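In structure tokens below, several structures.
Two complexes come next, and they have one chain in common, subunit A, joined by subunit B in the first and subunit C in the second.
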Partner chain A sequence: MLSPMQRDVLTEMVNVYVGQAASFLSEMVNQKVLLSVPEVELINVGEVENPEYSLPAFPLAGHIISSSMRFGHDFKGKAFLVFPAEEAKLLVNACTGEDNNPEQNQTFTDFLDTDFDVLKEISNVILNAIVGEFGNFLDTKLEYSLPDIELLFVSAPEQKSILEKDIYILLLHTTFLLAETKIKGVIMIALSMNSVSWLISKIDELLED
Partner chain B sequence: MKILIVDDSQLVKKLLLKVIKDYLPDVLVFLANNGEEGFQIYQEEKPDYVLTDLLMPKMNGQELLRLIKDSEYKAKVIVMSADIQKSTREEIEAMDVIAFINKPLNNEKAAYLIDLLKGEYHA
Partner chain C sequence: MHKLIYHALEKVNMGIIIIDKEHKILIWNGWLERYTGKSKDETIGKNLSDVYQHFAEKNHQNILNSAILFGQSRFCSSTLHKIFVFPADETRKNVQQNMQVEPIFNDNERFALIQIMDITGHHHRVSQLKNAIREIGLENEQIKVAETMSRYQAMHDSLTGLPNRVLFRDRLEAAIISARRNNQKLAVMFMDLDGFKAVNDNFGHAVGDLLLKEVVERLKHNIRESDTLARLGGDEFMLILFQIAGQEDAANVARKLLESFNQVFRLNEHNVSVTASVGISIYPNNSENTDTLTKQADSAMYKAKAAGKNTFRFYDDPY
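This part shows the complex of A and B:
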């Protein structure tokens, strides 16, 4: 799908965008945040459905918090920020300055509306930082839907079923490392076919210069 | 002085309220969850400053800004948004806002905001 040079450019772009997102997250949790160098993969949903294709290891199975935003018009898709539920709770506490008290024995079922509110704002900032830069790169105006946040249970065999047909998924595997706790998160951006073509042609223009 | 904060995030409203109350304790602050509520409070209270988000349910910040500016073109509005697109910034700045501040709020931006509210900056 991507030539080595296209992948290199896309990885570098995403690296910068994710770096900016990390800086914003750091300001929100008031801790140093390290994001691993993102691994970038552009996959066709058809490939995902191939039994021999295995999705890379990311926390999409089990109890997860999935926060998503749709964007459009010319560059169209949906961006997801996914955390394991228990780690999302740690992120909320880091953001609100609350202690992670193990004696309280909190679990994912203890999510309150205020927790979802904080997670929504975190994903709003992080996804805007990344998707918005794609808009800047393509010199197009994106409009966003309101963030949608869900607590889901996804078993491993069901992972594929959340993906729709005729779309590409830009997978950005990123690990968030906060100073006091390790929080794993994944950013996924689903793009329409036209949007993928536009992005690739713009990258090709860069490579020709 | 009266300040209206319009944002659908409870977290953001709480943070802004704390910053404003810490540095401007005598200010009267009104809170709204979306543009629709925000415009209603704006009409009733005629605040000195409006701080608004852009992406909100029912009525977004752009629409609120248009309504406020149609009602009072000298209204002092500060936009705080996670939207980092250049096109959005240009669109908003063309609507004669005092400032466009990108979220998240950090100490530096909070200090800038307080200076704006004290009238120490003039866009």
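This part shows the complex of A and C:
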């Protein structure tokens, strides 16, 4: 989907964007937050259904917490921040200063409404920052919904069905580092064909310069 | 219609503020009047940061401007922010509010809609729930510990800590299954002390108990760690000797065990002498059944007693 050059540019852009999100988060939770996206992929449904495509690259089966928000107009799509449930709980605890007990396995059953609220805000800040910067990059106005938080159980075959036909997914493997805790999540940005072409052509313009 | 919407806005159970791009307050609903004690006259037309100074802080300004200028919606959780507008009732403690900021576009003008929800009661319930979950977790741990203890007590003799009759039977059954699979022999020994009643009568039960503990120590020294020694009650002990070659192996162990009684026991400044009588049955020579082997060892022990005590007999022995 992406040439190595395009991928490099996109990876660099996204890392600058999440850097900004990290500084917002740091201010909010009063501690140093580092965010990095070492890996960026662009996939579509056809690829995921291809048996040769390795599913581990599209991770997160089991209990997951998904926060999603829609955005529009011309650059249109839906952005997701997805964590395995136990990682999400670690993130909430790190933000609220609650102790993470390494011996006690955190599970989705430990989630309370207020934890979901914290995740809602964190994902809101991160997704706004990334989507907003894409909007700036494309020089287009965007409107954003508030995130919806869901606790889902996803079995491996169902992973594919999250993706609709003709939708492209920008997959950002994201690592959070705060309070000496490392938390892994995935940012997925589902884009229409038009929006993807727009983004790629704009990246190509950069490469030509 | 406008009037109806106005009345509805006054009634909704949350704070509703609409500000323009200069952050001037255009709408301040009834809930906010009741909650903050600030009337429409005191707020409408004023800058939001003049009404509440913390809205002048950088992060709040960012949130408001992002909505008005860039169309970004923003949710602020009470867990991270605590409070946005102060209640008139100053006695209320630990107030918690969620805030939502969303852009509104109207006739080419940009506004921000601010919704504020008091979720203090909800927080109380959540923290009560957290405590309840923690307590249930602790109780569960205690129950598990108690269960482990009572399971241990149900299987062990409280004086010596040795397996009791119940556990012995389990172990013998498992030993027989393993011996059958590996085509091995094993010996079952029944041991009864000679003259234990006299010790109790002469020196008291405390000394009797000490004697039993001391006997167990000596017996343990003369068997392998893998063998099972159990106390059935009183002065009766049973032993399983695994993987023996034949009767001679069992006889050697029995001799060693009896010799361990040669030295007097020094208990609470009393010198106590006892001996023991031992009966032995062999799997599979005598039987392949747990209970039968136990009974056979028991009856062999009576032969040893009849032969003058301080000796051992096999089940096969004629007398």
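Here is the rule we go by: the second predicted complex is superposed on the first by the 191 of 209 C-alpha atoms of A that agree within 3 Å, B and C clash if a C-alpha of one lies under 4 Å from a C-alpha of the other, contacts with A are read in each partner's own complex, and residues count from 1 in each chain.
Throughout what follows, a contact is a pair of C-beta atoms (placed from the backbone, for glycine too) under 8 Å apart; a residue touches a chain by one contact, two chains touch by 3 or more.
As the structure is a prediction and not an experimental result, all values here were calculated from the model.
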Subunit C versus subunit B on the shared subunit A, clash or fit after superposition: clash
Touching partner for A:Glu133 - first (subunit B), second (subunit C), both, neither: first
Subunit B versus subunit C as contact partner of A:Leu112, first or second or both or neither: second
First (subunit B), second (subunit C), both or neither touched by A:Met28: both
Touching partner for A:Asn194 - first (subunit B), second (subunit C), both, neither: neither
Shared contact residues on subunit A - subunit B and subunit C: 24, 27-28, 95-96, 114, 117-118, 120-121, 124-125, 128, 132, 135, 141-142, 144, 146
In the complex, subunit A residues that touch subunit B: 20, 24, 27-28, 95-96, 114, 117-118, 120-121, 124-125, 128-129, 132-133, 135-136, 140-142, 144, 146
Residue ranges of subunit A in contact with subunit C within the complex: 24, 27-29, 69, 95-96, 110, 112-115, 117-118, 120-121, 124-125, 128, 132, 135, 141-147
Interface residues, subunit B side, partner subunit A - complex: 8-12, 55-57, 82-88, 91, 103-106
For the subunit C and subunit A complex, residues of the former touching the latter: 58-59, 62, 66, 70-80, 98, 100, 102-103, 122-123, 126, 129-130, 133
